[in-house]
Amino acid sequence: MRAQPDPQSATRRIRLGMVGGGDGSFIGAAHRIAARIDDQFELVAGALSSSPERAHASAVKLHINPERSYASYEAMAQAEAQRNDGIDAVVVVTPNHLHVPVARAFAERGIHVICDKPLATSLADAQALAQVVQAHGLLFLLTHTYAGYPMVRQARELVQAGELGELRIVQVEYAQDWLGEPVEQQGNKQAEWRADPQRAGPAGALGDIGTHAYQLARFVSGLQVQELSADLSTFVPGRTLDDHVQAMLRFEGGARGMLWASQVASGACNALRLRVYGTRGSLHFDQEQPEQLWFAPQGQPARLLRRGMAPHSVSLASESRIPAGHPEGYFEAFATLYRDFARAWRGGESGLMPGLRDGLDGMRFIEAVLDSHRQNARWVTL
Amino acid sequence: MRAQPDPQSATRRIRLGMVGGGDGSFIGAAHRIAARIDDQFELVAGALSSSPERAHASAVKLHINPERSYASYEAMAQAEAQRNDGIDAVVVVTPNHLHVPVARAFAERGIHVICDKPLATSLADAQALAQVVQAHGLLFLLTHTYAGYPMVRQARELVQAGELGELRIVQVEYAQDWLGEPVEQQGNKQAEWRADPQRAGPAGALGDIGTHAYQLARFVSGLQVQELSADLSTFVPGRTLDDHVQAMLRFEGGARGMLWASQVASGACNALRLRVYGTRGSLHFDQEQPEQLWFAPQGQPARLLRRGMAPHSVSLASESRIPAGHPEGYFEAFATLYRDFARAWRGGESGLMPGLRDGLDGMRFIEAVLDSHRQNARWVTL
Amino acid sequence: MRAQPDPQSATRRIRLGMVGGGDGSFIGAAHRIAARIDDQFELVAGALSSSPERAHASAVKLHINPERSYASYEAMAQAEAQRNDGIDAVVVVTPNHLHVPVARAFAERGIHVICDKPLATSLADAQALAQVVQAHGLLFLLTHTYAGYPMVRQARELVQAGELGELRIVQVEYAQDWLGEPVEQQGNKQAEWRADPQRAGPAGALGDIGTHAYQLARFVSGLQVQELSADLSTFVPGRTLDDHVQAMLRFEGGARGMLWASQVASGACNALRLRVYGTRGSLHFDQEQPEQLWFAPQGQPARLLRRGMAPHSVSLASESRIPAGHPEGYFEAFATLYRDFARAWRGGESGLMPGLRDGLDGMRFIEAVLDSHRQNARWVTL
Amino acid sequence: MRAQPDPQSATRRIRLGMVGGGDGSFIGAAHRIAARIDDQFELVAGALSSSPERAHASAVKLHINPERSYASYEAMAQAEAQRNDGIDAVVVVTPNHLHVPVARAFAERGIHVICDKPLATSLADAQALAQVVQAHGLLFLLTHTYAGYPMVRQARELVQAGELGELRIVQVEYAQDWLGEPVEQQGNKQAEWRADPQRAGPAGALGDIGTHAYQLARFVSGLQVQELSADLSTFVPGRTLDDHVQAMLRFEGGARGMLWASQVASGACNALRLRVYGTRGSLHFDQEQPEQLWFAPQGQPARLLRRGMAPHSVSLASESRIPAGHPEGYFEAFATLYRDFARAWRGGESGLMPGLRDGLDGMRFIEAVLDSHRQNARWVTL
């Protein structure tokens, strides 16, 4: 296990290795773009595919030194841990079932972790991983991308500043349509593993996008869900896992809310929306219009807050890379999570970076929903 | 009891009497404007207020002959039924608890009824009234205003034409903010009776706007709700009735959905929204933008349908009074319900006019929600 | 010539006669609905069509006493002026070339005038009419409908209150697409007279919608146009009059602006939009979303003002008929002009009612545009 | 002068040097992010500031080898041209007056050029530079960022495919508000050089954003402007150059249009909008919502085209980095221009890459506007 930070940690690029994410991977490419945007990382190693040929071919394309292109994540963890110029952090972009074993293999060798959500396929696995990470004092970034949007952080700040008063209602939804047909039986790789309980775990849309919705609601509102009542559905014939989630939420302090996540909502692309209402006003965020945030103070005209504009964004100035009106988007939000990570790695504060706490919270949410569903939507305490 | 239709029924204006709706009434004024817009009605009688002075003063302002301004609805029903030029229909715009007795008094004398929703304060009362109305072969318009919007009717037509395929998801919500404070304790007349179980019945936001949301979802989707799980809340201290409703819905045939109705959603004016998703496409209607309807065929760009434009509006041409781009609104939707009534009164077809069936359906919905809520959101069959 | 107001003028309905506007007329029907909405008018006489049969048939449908259905406007003016219960005002909804002779025939007999725009087919005619109207001390409503929208009046009020600071830029446009094809040669009655210089006058789109755009810009900004440079086009083969107008404007005090009006803008319904920018903020109004007005104070988030909501609408409360969120539209804006007229007729203030001044201003605009166009867009002083 | 492409040009990263763009530069940072996004470039040299200290400090931060951080662009051109691993291309992100001398210094040594717009401060200078670039057979990317948006390219493709029919109207505008106050006198570095004729050239808003609007209109419509009539204004006291441009356009083939560019439009961030209308339909693009494009076929409901969705995007699939609904923005559009450049550098086709032709066209536009303005908006032929 390596000591850290090294003497150059204030300025040099952080060395990354990636597990999964080879050619054709949607999320691997997104991670790489995100890591490049602010130029604080370099990708130097990889076990990019379970197929050695694909792994190697992908490594070449990505300018990874062939000797640091590994056939397995175990080999990579072992070798990189022993190099003087070994990777500082691993990026885990595998199907869900490998998140824990891969992250663990690196964490046990003192290598920081950047991992896709959901954290695990069971709460117990997640907790075990968390212990390892914490025991080694490592950084852990769980890439809940949407928590990287400046206007999401703005929303959180407004709530915390009391601009909404006491919260009463939280409505969150995440609608997609790309699983409206049985595309997992028609060669769609992204769909195949997501529809396969062996690789995705027991949650379908619930784990894939329900956790994003839940995290966003928690991140912005700051409220704990006390109990929930959930009803899962599987609309597409031949599918095992849920593709549609509906749930009612009861928050601490009496707030109420609903959560809807669906991957069969025809016509919806990536429609993650959050609305939070308090005694003094409300907020509305729509991920497909991420540069803006509606803020409606009670009894006043609604205001369209925009990234980079006064007066509500003062403390968020550093989240922007370019003035208002030059749209930042998904990759920049993603890059902001990497920037959070880099800041922490260099010894700074990164209080907003999603991590193990969000991951454990998400697993508790998944298990509570599954539990409630099995009992015909009975209220289940989180 | 009078025979009807009279020889002039094809052309003359329909004579209305109004119960309630005196000076300062929000909904009474809306009914009168709606009745005037297409010039098929004239208001000739009224028992406009429980206070005789207010009733008389209102009648003068409304150009009602003083001798047909009555001190009570019973007196009005009796007198008008005996006149040769007596009213053809009564407009009931009282607080909820009077809907049934007033409607009944006129129906028993063979006078048609135009009535605000909800139909009654209990299902049993509603059923009793329905029997009287049906026994006398009368017309009954329940003013679910939103069913009068051309784009709502367009939506219904698209569903029926199969453009959405098999329906999977129905999301409906109705958010307002005007009861976010205890205004019923601060002199707001509209709020006073709505917050008073003696006059509003056992349902607060549930009866006032939840029924609208429910009717809209049913009207457009054509689907029956098989069972629901509902959670009511009262956020404002000192309030007896619910001001916030959340419910999960299971429809016949397997569709799923959620219903949210709140009168404490800060920043919301009159935000009634319906989304319906099927295997082939989806629809989105927002009452605050009633001239448009989003139609997103699966795998195609979403289309913004507008009132009065080809190609989807062919059979709805008659619903418009003016070409697209000249906004029609709430009053015109309301007027369309009156036009439906007039058409039926003159012997024509008015299949889209909301009536007793919607009213009974709404009462079943209210009672199911109350029942589910009392059992901690257990599923209740409708 | 009749004396006026009569003893009942404080309360009775104002008696209207209509010239033009028979069956199938777009604007005649709009006037009638507008006049009914607030129930301050009754239509009692008409010369509804140049064809006596159509005139009579239309009168019957409109519940006009057959003896007050006239074969010509001259006969109507003469007869009504002599009745004790004669009309108080005439509504002129003929093609443009008849506006002046009809209005004059009634004005000379002391009957008030409600007239469509443009006021005339030449400035000289308009001035002559204005003299007659003024000499008889009559009311004159020129139905620039869009000046009846509450949010347009709100915009004007904000400008006058200095909320925008010193005005710098005024951008106005009015785009339609219904004349994109030569529909005047294909049986479209609305298009026929508008495309015919004998009936429409020398201005096509310029007179039909350009004048609306100009009036709206003037009404809200309060600025005078000092000079303009204009370029007219006729895109549709076989058409005589312009169907497309572009102009640059120089306002008093140094503000600049542009005006665009087109009836061949494919895909546009009735897209009248105004933007006004000052040193302290800007406004944006879109006629197709008339319930809202964007107000962007410099350096602050933009605010979405809505009809009927605090804080900017205080003095406009009386313009609304129903709370925010229940959309009012075109007919209600139109009705507000009739309400302005009624208020003036009953002896009150109606400072915002468009009238002769707007009509003369519009004619000066038309003639300046035509003049500039003839000189290859040279600057012309108004 | 170096031969090129080298044996590795198919795969290796392209080596960049940057002139200007040191710490605090808005556009230098944008170029660097853009160049990194697709990982086809590396920044290896720079003359980042006219101040040697700032240049060096910036180079360190950017991981540039100190020996390749130069005190002047001349030194850099000379030294890099002689290295075996010298830069392949220079990125010119200086104030306008240096574009030509810097680009020329590198081009004369056979180094490709990536340059900000406007190309020069006079058409003559631009033409001279173009000759040098062409004589050396070099690539030249002029970073008209907005031509990199997928939906802008989609728009161009729809026009070329005839989906709009024959074009009639082109409306383009670019509104900002950041120069509404004399910020160039208050320490705003971005404003200082833009307001200084010595560094910006003779055009203010005209050169800064007017050229973008013009290029966008030309890029999408494919139409040539035959003549224009332009009116410049300077609203802010003490400012020398224009801050507001209005112009009327006459296109080849008879189409008409208007161009508006303003940097004093209070409340506008970066509001570049283009509308194109043809005989068969119209398009509407708004840079602040770059993921969408409105397409309104005549007589059909308008369609909201989105990046990455069928059916109109087939040939544009390669422009996207991530599925629809995950917003791409300004940096990704910018990166697409770099991708165009890389494709061309590697020997492929890059027909959409803006370059010298756009630059010369823009200079002709600037000079025509200045000429017209000097003659009180007389029509000037381009």
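Here the chain labels run A, B, C and D in written order, and each chain numbers its own residues starting at 1.
In this section, a contact is a pair of C-beta atoms (placed from the backbone, for glycine too) under 8 Å apart; a residue touches a chain by one contact, two chains touch by 3 or more.
Keep in mind that what you see is a predicted model, and the values were worked out from it rather than measured.
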| item | value |
| --- | --- |
| Of A-D and B-D, whichever chain pair has more C-beta contact pairs | A-D |
| Most distant chain from chain D, judged by the mean position of its C-alpha atoms | B |
| Computed distance of Cα centres, chain B from chain A, in Å | 44 |
| Chain centre separation (chain A, chain D; CA means) in Å | 35 |
| Inter-centroid spacing, chain D versus chain B (mean Cα positions, whole Å) | 56 |
| Overlap residues in chain C, where contacts from two or more other chains coincide | 268, 302, 306, 309 |
| Partner chain B, residues of chain C touching it in the complex | 13, 26, 29-30, 32-33, 36-39, 62-63, 176, 178, 268-271, 287-291, 306, 309, 321-332 |
| Contact set on chain B toward chain D in their complex | 295, 299-306, 309-312 |
| Partner chain B, residues of chain A touching it in the complex | 164-165, 168-169, 171, 173, 177, 180, 229, 231, 233, 235, 244, 246-248, 250, 254, 256-258, 260, 262, 264-268, 277-282, 296-298, 302, 376-377, 379 |
